[in-house]
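Read from first to last, the chains carry the letters A, B, C and D; within each, the first residue is number 1.
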Amino acid sequence: MTEKMSLQVRLFSLLREQVGRDSIEVVLPLGASVADLTRALRVTEPRLTPFLEVSRIAVNLVFALREQKLSPEDDVALIPPVGGG
Amino acid sequence: MTEKMSLQVRLFSLLREQVGRDSIEVVLPLGASVADLTRALRVTEPRLTPFLEVSRIAVNLVFALREQKLSPEDDVALIPPVGGG
Amino acid sequence: MKNETAKQDIETPCWYYLSQEPIAMETVHHHLADPAAGGEVVFTGTVRNHHAGRHVTALEFEAYGEMALAEFGRIAAAIQARWSVRKVLLWHRLGRAKIGETCVVVGVSAAHRAEAFEAARYGIDRLKAEAPIWKREYFEGGDAWVTNHP
Amino acid sequence: MKNETAKQDIETPCWYYLSQEPIAMETVHHHLADPAAGGEVVFTGTVRNHHAGRHVTALEFEAYGEMALAEFGRIAAAIQARWSVRKVLLWHRLGRAKIGETCVVVGVSAAHRAEAFEAARYGIDRLKAEAPIWKREYFEGGDAWVTNHP
């Protein structure tokens, strides 16, 4: 069996309101990528599905590429379209 | 004999200091142009000569073209290179 | 720094603020002042009374604070890499803001004004596109999260 | 208007100031604030401590006041003809100004920030080229009238 890691994904604004919490736990195989996380989010929390296409994943305060590998210590956030300024 | 008009030409900054006054009287034929005024200034006040090339004439608060005709009621100023801002 | 979410980069004088309190323009100009700078350009965004045909009554801002401040730092670093500037300030309001209040300030001082203009323009454009900050609009009859156009 | 050389155009909200007293940034932002404006760009020029390799100690400004205010009006009119702006302010300091003090402000508020940036840039460029204002620089060992490069 593959070793697993658990990540807390931060949620903001509209996404936080949709889910009713400011973070969501996602369990992934060790060595999973950002793209894997996005797929897992769809399953873990279907209410996020309509927003995943337009949202970006931030890892350790930086927008991440789809191929980027994740580790259990990473600070992960789902960033919906921004509206600052 | 041509009819004459007398104009007070305002002087500022360096020009005011060179001449020691904040205006200078110039007598011109009625209907004289801005170019005529510049020529007359050279004669009336030789200390202005080195600055006339780089200075502009303002008539009634607007920079004037060389061909513009002057009348006795005009508010005339000699504007050396500016340094605002 | 009076504000706990404010950060300051000491070596390259840059200021990054996220504040629940109103943005103080005096503080902005005080920070940007530099005896070697010939010019300073400050962009100020204010809460507008209308948007998309709706009469807006107030705005509310939410941020992923840690990342927003990190992004402010990246914006300032990119500005310093591209233009010769003296000081950079980025300040975004959080929480509820009334019509006419300042919600964002991007300020740059530089020896030459062309660089200050270009750098400030780049700063606000990138802040609007990248900083993880969200805006909820309150209008007559409801409220909605509003995003910037891409 | 607290200042006797200040003029205000009521129909198209524009403010033109020439003042012996220091420029008040609060007043600048107060005038430019507009509930329909999304952005405001303020250019601020300050007295620099060096120029042309000299250590500057102070500046002194002289203006042909009537014409300078008329020129401010023409600049604001040109801005309004070219860009869609809400408010325009031009303010120049007169008399003696210390290092670090503000000597000029050009501010524009507009619905869209691109227009505010372009209009403010145009305003300060034209003010520096056309407004009948002169600057005397005081440096260690003397003083001199200094002109803007064409």
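Everything below uses one rule, namely that a residue touches a chain if its C-beta (ideal position, glycine included) is under 8 Å from a C-beta of that chain, and two chains touch if they have at least 3 such contacts.
Remember, it's a predicted structure, so these values are computed and weren't measured experimentally.
Chemist: What is the chain whose Cα centre is as far as it gets from that of chain C?
Modeler: So the chain farthest away from chain C turns out to be B.
Chemist: Using Cα averages as centroids, what's the distance between chain B and chain D in whole Å?
Modeler: 27
Chemist: Taking each chain's centre as its mean C-alpha position, how far apart are chain B and chain C in Å?
Modeler: 49
Chemist: Using mean CA coordinates as chain centres, what's the gap between chain A and chain B in Å?
Modeler: Result: the chain centres lie 74 Å from each other.
Chemist: Mark out which residues of chain B touch at least two other chains, giving numbers and ranges.
Modeler: none
Chemist: So which stretches of chain C touch two or more other chains?
Modeler: 45, 124
Chemist: Throw together a list of every chain pair that touches.
Modeler: Result of the pairwise touch check is A-C, B-D, C-D.
Chemist: Which residues, counting only chain C, touch chain A once they are in their complex?
Modeler: Touching chain A from chain C are residues 45, 61-64, 66-68, 70-71, 92, 103-104, 124, 127-136, 145-148, 150.
Chemist: If you look only at chain A, which of its residues touch chain C in the complex?
Modeler: Per the touch definition, chain A meets chain C at residues 10, 12-14, 58, 61-63, 77, 79-85.
Chemist: Show me the residue ranges of chain D that touch chain C in the complex, using the header's touch definition.
Modeler: 25-26, 29, 32-46, 48-50, 99-100, 102, 113, 116-117, 120-121, 124
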